[in-house]
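What follows is a single structure, and I will ask about it in a moment.
In order of appearance the chains are A, B, C, D, E and F, and numbering begins at 1 in each one.
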Amino acid sequence: MAIKKIAFIVKSLPYKTEASRLALTHAIASQTVEIYLEDGDNVEPVLAFIGDGVLNCLKDQKAMNAYGVTSLEQHLKNSLLLDLKVLICKEDIGKFSLSEDSLIMDAEDIGGETKANIVPFSEIMKEMESANHLMFF
Amino acid sequence: MAIKKIAFIVKSLPYKTEASRLALTHAIASQTVEIYLEDGDNVEPVLAFIGDGVLNCLKDQKAMNAYGVTSLEQHLKNSLLLDLKVLICKEDIGKFSLSEDSLIMDAEDIGGETKANIVPFSEIMKEMESANHLMFF
Amino acid sequence: MAKLTIGVFSSLVGSLSLDFAVKLADAAVKKGHSVDFWVSGNATMLSKKEQRAFKDYSALQKTLQELMKTGNFQATACEACAEARGYHKEDTMEGFQRHSMDWYLASGFSADRVLHIGGD
Amino acid sequence: MAKLTIGVFSSLVGSLSLDFAVKLADAAVKKGHSVDFWVSGNATMLSKKEQRAFKDYSALQKTLQELMKTGNFQATACEACAEARGYHKEDTMEGFQRHSMDWYLASGFSADRVLHIGGD
Amino acid sequence: MKLGVLVSDYRNMEDTLLRLTADTLGIILVSNGVYHAKVKENGKTSPVLEKSPHLYALLEDIQTRGLENEIDGRVKSITYNDLVDLIFGEYEKVIWI
Amino acid sequence: MKLGVLVSDYRNMEDTLLRLTADTLGIILVSNGVYHAKVKENGKTSPVLEKSPHLYALLEDIQTRGLENEIDGRVKSITYNDLVDLIFGEYEKVIWI
């Protein structure tokens, strides 16, 4: 019985490439990974947004209206609904002068209880230290 | 009877993506464009390397030995062999402290007579002004 | 009316640059212009037939085929770029042409504007 | 010996990241390690069968198939990413598996190291 | 030269956009280029907005990224229809960087 | 943490590599990351080379780009074989940026 932690670190802007989208869809895929593993074994994902990647977390993304594709906002809310740990880098929020109000901090509108956390980069670094594997997107 | 000038401006580093490779192969394709055009009409390409793109012009690229793919050096020499106008930005050569010796300035070893030209950015800007169409790679 | 040649190069599927290029072509054709649409490099992915529609990806085959029906839009994929990726003639979306790279330059010759979408 | 999982994501064909990933897998297998190789996003292009060899592109099908024969290398493409690009089961290179994204995470579970090659 | 520049990215504009000269230079923010119209980095607006008085941003791309509020007042939102007219009517050449 | 970082690009290292901390941080230059080992910009060597005393660069990628001369003396050239040993032997985790 073991839990392996994988940290998904998102540093890319959304939409132009699918890097951040694939980070979220792969992190969410942790929900079904048990089918490949022994009883009691599992994978625990942590999602962290750093650098330009914090701009994935802006509210009111209308990608479905404008282009007919699921927004990163929707994926992020789904992650919170599934109780994934979501961290957003405090220093980068500050660098871009973004208010907490402008960010996707919860998924209450779809029944989610888990909230995103704005934390210093040093906290994200600690998550990387305690993770078994790291994936930068 | 008309000649249309197309300026191919290469700003990308080689190999990681195929942007600069496609610039050179498309510029070289100007040699056969006549088959689609009326008698006397033609397309005249100009190739200019700016910014990080000047690093495409470094000599002794061993891409064929290391990875089995044609090097940008080979494509650049083919361009010179076909008498394409090739410009390399003087300011960027300076910024990267590159000597003229380290750059592909001719294709003498394969029988080419045309040489590449190191010119100030303002000259490249003039080429852009006189071109009918611009393509940034 | 005028002619616009759009060349799209790097990695399209999974990038909204794809949607941009097709939406721009659509707007231009609806205004009575004609559009030549060239895909090269990884963008030749757009020419693959039977792309399945998912909500995480734009599904553009229908729009492309409606554009082709107008007679003012032609889409052409770089033949060598396609073959290198394992897209042969039989893999190609109906109505999508395949030519060598000189086709793009020839299209530019008679175009009023060329928008070359490069990038990674 | 140890297990390495390599995940490769964005636009592979036309980029030397492809060659990097395959060469690294080859070196690891030759040293007696086992390698799981996951391609997702645009990198699913690698799984397309019958890619034609040109001097401007790396031709890796042969190396991949030799690696598969060793029994210490398995290559898997993201099924949804592939379908979205019009790569169906019959388009897939022999020996290349297709699974959903959880396969990659499960492979990471038992891997000693995971090298995730993201990028544009 | 009347040059229309479609700016599609947020980083690395120094070697390209910021060096270009033209009698009329139009900047059309598209794709991830639209972040230039909203994001302040370390309190400063993007230098891209200082490069020209002719500033546009594609509405669909603004909306997609959740940027509809607080777009810089100098930037005019345009649709794809408007963009077609700009390309044919206002500029002699267009580039995408 | 012993962290091996495969640096695959030449630009935009500020938000990632330059902020990372680890007990042992190895920097392995691959792909266009190998330019850090040679190119001086405005006379200065890359700040990436100051980040760690454990510096490697992949020989094939150096040769491909015509950089074999004048590689910074602090950087050790390695083959794919060496890289496999580094990944399993020297570092607990590896990332590609």
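General observations
Quick note on the criterion: a residue touches a chain if its C-beta (ideal position, glycine included) is under 8 Å from a C-beta of that chain, and two chains touch if they have at least 3 such contacts.
In this text the structure is predicted, and so the values were computed from the model without any measurement.
Between A-F and A-D, more contacting C-beta pairs join the chains of A-D.
Centroids built from CA atoms put chain F at 38 Å from chain C. Distance between chain B and chain E, defined via averaged C-alpha coordinates, is recorded as 28 Å. Chain C has its Cα centroid 33 Å from the Cα centroid of chain A.
Centroid to centroid, with C-alpha atoms defining each point, chain A and chain B lie 42 Å apart.
Touching two or more other chains at once are residues 10-11, 14, 16-17, 41-42, 56-57, 113-114, 116, 118-120 of chain D.
Counting partner chains per residue, chain F shows two or more touched chains at residues 8-9, 11, 31, 60-61, 64, 93-96. Those residues of chain B in touch with two or more other chains are numbered 15-18, 25, 52, 67, 132-136. Inter-chain contacts, as defined above, occur between A-C, A-D, A-E, A-F, B-C, B-D, B-E, B-F, C-D, C-E, D-F, E-F. Listed in rising order, the residues of chain B touching chain D in the complex are 15-18, 21, 25, 67-70. Put simply, chain B touches chain C in their complex at residues 4, 6, 12, 16-19, 22, 25-26, 29-33, 35-37, 41, 43, 45, 132-137. Touching chain E in their complex are the following residues of chain F: 11-12. Residue ranges on chain F touching chain B, taken from their complex, read 8-11, 31-32, 35, 39-43, 60-61, 63-69.
Across the interface of their complex, chain F is touched by residues 2, 4, 16-17, 20, 23-24, 26-28, 30-31, 33, 112-119 of chain D.
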